[in-house]
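These are the structures in question, set out in turn.
Below, chain A partners chain B and then partners chain C, in two separate complexes.
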Partner chain A sequence: MISYTADWSLLTPEIVLAAFALLIFTIDFMTGVKGHKPFAGRLSIVALVTAAVLMITVNGTQSAGIGDTFLVDPFSTVVKVMILLGAALVVMITMYYVERHEDVYQGELYSLILFAVIGALIMVSSADLITLFIGLELLSISAYCMVGFKRYRKQSAEAAVKYIVLGGTASAFILYGMSFLYGLTGSTSLTVIGGQIGELFQAYPFLIMMSLLFILGGFAFKMSVVPFHMWAPDVYEGAPVPVTAFLSAISKIAAFAVVLRLFFTGFGGIYEEWAFLIAVIAALTMIAGSLIALPQRNVKRLMAYSGIAQAGFLLVPLAAVSTVDLTISVFMFYAVAYMLMTIGAFAVITAVTETAGSEDVSAFSGLYYRSPFLALGMSAFLVSLAGLPVSAGIIGKAWIFIHAVSAGYLWLAAVMVAATVISFFYYFRIIHRMFTQPGEAEAARTEVAAALEPGSLPAASPGIITVVAFSLTGTIGLGLVPFILTNWFTGLTWF
Partner chain B sequence: MVSLNLFLALAAILFCIGLYGVLTRRHLVIILVSIELMLNAVNINLVAFSSIGPFANITGQVFTIFVITVAAAEAAVGLAILIALYRNRSSIDVIKQDLLRW
Partner chain C sequence: MTGNLLSVLVFLPLAGALILLMLPRENHGLIRSMAGGTALLTLGVSLFAWSRFDGAASGMQLGESYPWIDFGMAAVRYELGVDGLSMPLLVLTTVIAAIAVLASVKITERVKEYFVWMLVLTTGLLGVFTALDLFLFFLFFELTLIPVFFLISIWGGKERNRAAFKFLLYTGLGSAVMFVAFIALAFTGAEAAASAQASFNMIVLADMFANPAIPEVLGTAVRAGLFAAVVLAFAVKLPVFPLHTWLPAAYTQAPVPVTMILAGVMSKMGAYGVLRVGYGILPDQAATFAAVIAIFGVINIIYGACLALVQTDLKMLIAYGSMSHMGIILLGAASYTQAGMQGAIFQMVSHGLIAALLFFIAGALYERTKTGALSELGGLSRSVPVLAGFMLAAAMASLGLPGLSGFVSELLAFMGIFGAGDLIPAAAVIGIIGVIGMILTAGYLLIAVQRTAFGEMKEQFKGLPDVRPGEYVPLIGLLGLSILIGVYPNLLSDIINTTVIDIITRAGG
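Right after this comes the complex of A and B.
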């Protein structure tokens, strides 16, 4: 038996967040089905920011845990603060969105977002298969509901069905892999598994490899990595826009964090066996994501493929490991940059698509003449996603590139450059549209002609402006002075 | 004493049947049932390892309880989404859900 003294105070931020989520849930059904409920949104933002502050003040950079069930270390704290602040930005986008949609139940969406965030937090903090699974499912099941939230829209229901069928299958794959890990070690703790994995691989190479592949396959789905990426474009297109932002920023980063923990702590002993596999998957993901994004016309679908390509970049550090601490620093910087630019881009996309009433790329035509701030912000996010100066994106990509080269993965670095060059085409197509006035012919051809009149500003609320300004400051700021984060990250002992 | 391998083989067969069902069936309810089949294959694995595995202990059965609970939650949400889909499209044949494609 493992005996431990449980220090439940480590769970303070999660408990506070859960209390707020239940409170919002209760207030929601006490105030009736209909009507706008902006207070629920404001309360969610307060809850998320409170949890983030508690995370920094109570947990700090200490390393402690409740057995292996719940770990608090710099890795989990940094990821969790990122997730909480990102979720607060997503809630602001959500408030803008639900104000314009009478048919959406207002309060439930906020409590679902909070529950999903709690799931992500638990998942990131866990070093035990059971807690990891519970966190993962709390996140996934909340996300299934959120995707199908606009239930009178056919696309939303269809997206939810696709998501739950494929997501449930992915969960079953992860569990099947985990059941063999448990059976061969007799423990669900990742540290215990990690301690025995080397000898076990000698004794049962096929079983361990099979279990690794099952777990990797399941999580590749959650991270939307080739060849398990096919759900992402459909679900992103069908889901309400703020939910798409949530899936592509928060859900994805949480899945990546869990994969890092799982592969370094659990499978670290057989690194040679999986590094090349991850490298191949990363290369395929970058190339496929970038190539399929080229012909897309729906902007949410385009962002889905762009997100797939970005997931490939995020996988590169995992393949090319030098030291664990440095690898996680490299990953974490790009994760911060990715989150900022994705959420910022989705804030602009929400404002533009809601005003134009269309998700076609042509909704962006002449945005600069209608709303210069949104257009400039969007350009900065796209430039950063593409990986050009001056932005957080290029620093992150350059760091990953240098890291891959110094780890000896020259071909992977070359694939990175190729995928980046391809990505210029689709990112710059949007930028080009924003800065050119729509011609007569095109304005007549698009269904959104009325919304494209020079005088019609996208009705951006203070919330959207705040999100864009925050993300813009972060994206440009990290591009100008990346040393604030890089110095701090490289000095940390993550696990 | 039945050997562990028989249980593992049973679980593997169940898992494959479930996966086959998910991939080939057109009726959404059957697909959800197939997912449950895959999760139950995992449960058989865990319980077998927990009672006659090389390191038999109670943890596997605790894990199974969690898996069953989560599977129930997932099925509930799945059926709710299925009803939403049926109200929109008057059909739950997955082949006909083709609004979203690249």
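Right after this comes the complex of A and C.
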């Protein structure tokens, strides 16, 4: 039970963020629903950065908890700082986007992002099924609204409906799976469940497996891994670009973090039962994501499939476990890399697609001539996603790979390498486009011919430039001096 | 003084590239001189390193070692060093890179980017030849892929996109296999040495494999599998038949200076990898597989030569000829004799010089005649006598005329294979087939020279400009070095001998 003497200060960052979110919400409707509201965006960034700073100063690397429902440990703190800073970058992209779209209600979008982030933070820290679910739903419901934010655009509305129906089903799966655990243990606490899982599995193997499969299925949807990945391309394509960035970076990492905690703390006792299953899912995800990405022409769909393949890479550490601490270090490094390169790539994608008025990959043709900085930035992000030097991506992937081999999953590592080689093609196709002048035939064929005129620079705002510069520094920097994170991570006790 | 000499050498071109990025795009003269200056400075530093290198000492020299990444179950160190195997290749790289940069006068589009990529590529190549940590080696190896992709796909010929993506696919697959092989090496080594943390250091690994604490881990099958994986990974870059199909496309579509680097230096990365990693860590397997390697070497020689014989395009002919000559390296290395191993290293250097020279001449001819088809060329010895003369000299060097570097390396390699009877069954037969390959070489090279330089002179070739002053630098430089090694082979053998003997004795012990 939670006593009122619990250390509520552990919740400081979340409370501050919630206060800011409500403040922005209030200011928003007090200043009229429509109109430009750059102050709301700036305030959101202030809120997110403040929360991140508080997270570091108040929580640090201590391990504490409010009862056993809300945990503060290095794992949650690192993920939460990542999420907060990532969200701040996404807000910067959003500020660029909303200035070009009169039909979105700016203030609401920012407060929705903040609420979604709060949901993610609660979810990452939760050690109790109920807390976890509340966080999950706060994140998901905010995300549903965000996807349908351009409601007069058919694709956006369609994407929102698809997302809400499928996402709701996934949540129901998770809840159903949890109900078994509660029924068998009489507790919603992950530590209590984790303590009994071994014996329970001996007594009720099928019930426990069913529970695990339902929960895994539900979260597989949130993480967009095979075979629950099919919503991602449609939703990513329909959603406004910054929202796509949010889904593929923030919400995916939050879902992964929860799965790690759930499986290590809750189901850790029966690791042998699920490791192979996760390995198979990871392998299928990497292969399917990479292969289907090959023929994509819409850049958002391409990023969706690339994101699916990346999710497969992130899943590999969960299957090939050495020690829990090392496994989480491996995951965490790639998660940082993934977030940096994904958000950076989406910043460039936003600037390019908004200028060209098209999401076709041909919008990237000759980007280098129009905006060398964006083209170089995008190349670095794609090179990193492809797993080539010098980038955070190759170090992260190599670590996952080495870790998988040391844990005895050589075949999974081999699949990973194969998927990586396939991925060279779709990433390099974009890079190649950016550095070659569009031929005349090409320009005539695509509807974006006008936008490709020399001199039609993507009007990148300082915000976009900041995001790209930040992500670029992180991506390249972690490629050169990865020991900043790796050596720190390997020394941490995560849970 | 020499503490971080190798780091300086490796990252000097990269620093030059970063400075280039800040120069104004339009000022081509400044960009060219900056790039050329960087390349020449790098060459100077490599020669300084050569002067500091003690040929009589065995083991790694000019070493540097710093902890870099702690992966928990494996540690990666930033470790550089050179021995008699890598030192000549290091200098070869800086020579070819400098000459290629100076030979890039015909690049007039997007000059700044071009030189940036060239210098980044140079850093990658130098890194490969100096890295002692397998992980670092892999990173440098992969680093070369990106610049080459751009150099082919932006400044290449008509079929450049196909060639660039083909290169990407093949070398990407090769790197994938390489990475798997490296990780397997590191972990098998750690298991055999009963060490908790895997090491990627090549020297440490070689020791772990030579004196395992738990010998049961290193069964014959495990060792054989590891060796095969390492060789397979580098076979793509080398290239070994049948993994060579990216080669003609890349060599003919890349701009001439890039082809000089591709054929002159990058193919050596493959051979170097086989010798450094395969022979260095698993010498017993290299001896076991000697016959297989020798046979693949002979196949490369014969197959490449036969294909070169039937080519109708000058560049294609040289490309297949270049592949054929890479077989000699395999042949020499397979013999595991002192002469053969020396021949292999000599051939790496010699082939690097001659292949670069031949491609440069082919490029110069194409630029003047606007055609590469052998049937349309002819009589050029009358219109461009000096260039045709250099072509004849290059062809002679390539087919192994005494007094030129090709002769020394081929002689040594074949002496090696004929003397390897106790290691390779039917070594003499393999050697004889190889020598037949040399006759074919003479055939296609003479065809090439005869069809281009001699015969009826075509009307349209009248009054073509002969060698320009700027072109003398690559021509005389490369040919001169080839002659120098041919006349005074001690220059090279003094450096490599100790290492060669080390390699041989390791297999014996």
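Operating definition for what follows: the second predicted complex is superposed on the first by the 490 of 495 C-alpha atoms of A that agree within 3 Å, B and C clash if a C-alpha of one lies under 4 Å from a C-alpha of the other, contacts with A are read in each partner's own complex, and residues count from 1 in each chain.
Quick note on the criterion: a residue touches a chain if its C-beta (ideal position, glycine included) is under 8 Å from a C-beta of that chain, and two chains touch if they have at least 3 such contacts.
Keep in mind that this is a model prediction, so the values were computed, not measured.
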| item | value |
| --- | --- |
| When both partners are placed on the shared chain, which of chain B and chain C touches more of chain A | B |
| Which of chain B and chain C A:E99 touches, first, second, both or neither | neither |
| Partner chain(s) touched by A:F401 [first = chain B, second = chain C, both, neither] | second |
| Touching partner for A:L175 - first (chain B), second (chain C), both, neither | first |
| Partner chain in contact with A:A413 - chain B first, chain C second, else both or neither | second |
| Partner chain in contact with A:V421 - chain B first, chain C second, else both or neither | second |
| Touching partner for A:V390 - first (chain B), second (chain C), both, neither | second |
| Residue ranges of chain A touching chain C (in the complex, touch as defined) | 322, 326, 329-330, 383, 388-390, 394-395, 398-399, 401-403, 405-406, 410, 413-414, 417-418, 420-421, 424-425, 428, 432, 435-436, 482-483, 486-487, 490 |
| For the chain C and chain A complex, residues of the former touching the latter | 67-74, 113, 135, 138-140, 142-143, 145-146, 149-150, 153-154, 161, 164-165, 168-169, 172-173, 176, 179-180, 183-184, 186-187, 198 |
| Chain A - residues contacting chain B, complex | 129-130, 133-134, 137, 141, 144-145, 148, 151-155, 157-162, 164-165, 168-169, 171-172, 175-176, 178-180, 182-188, 233-234, 237-238, 292, 296, 301 |
| Chain B residues within the chain A interface of the complex | 11, 15, 18-19, 22, 28, 31-32, 35, 38-39, 41-42, 45-46, 48-49, 53-57, 59-60, 62-63, 66-67, 70, 73-74, 77-78, 80-82, 84-85, 87-89, 94, 97, 99-102 |
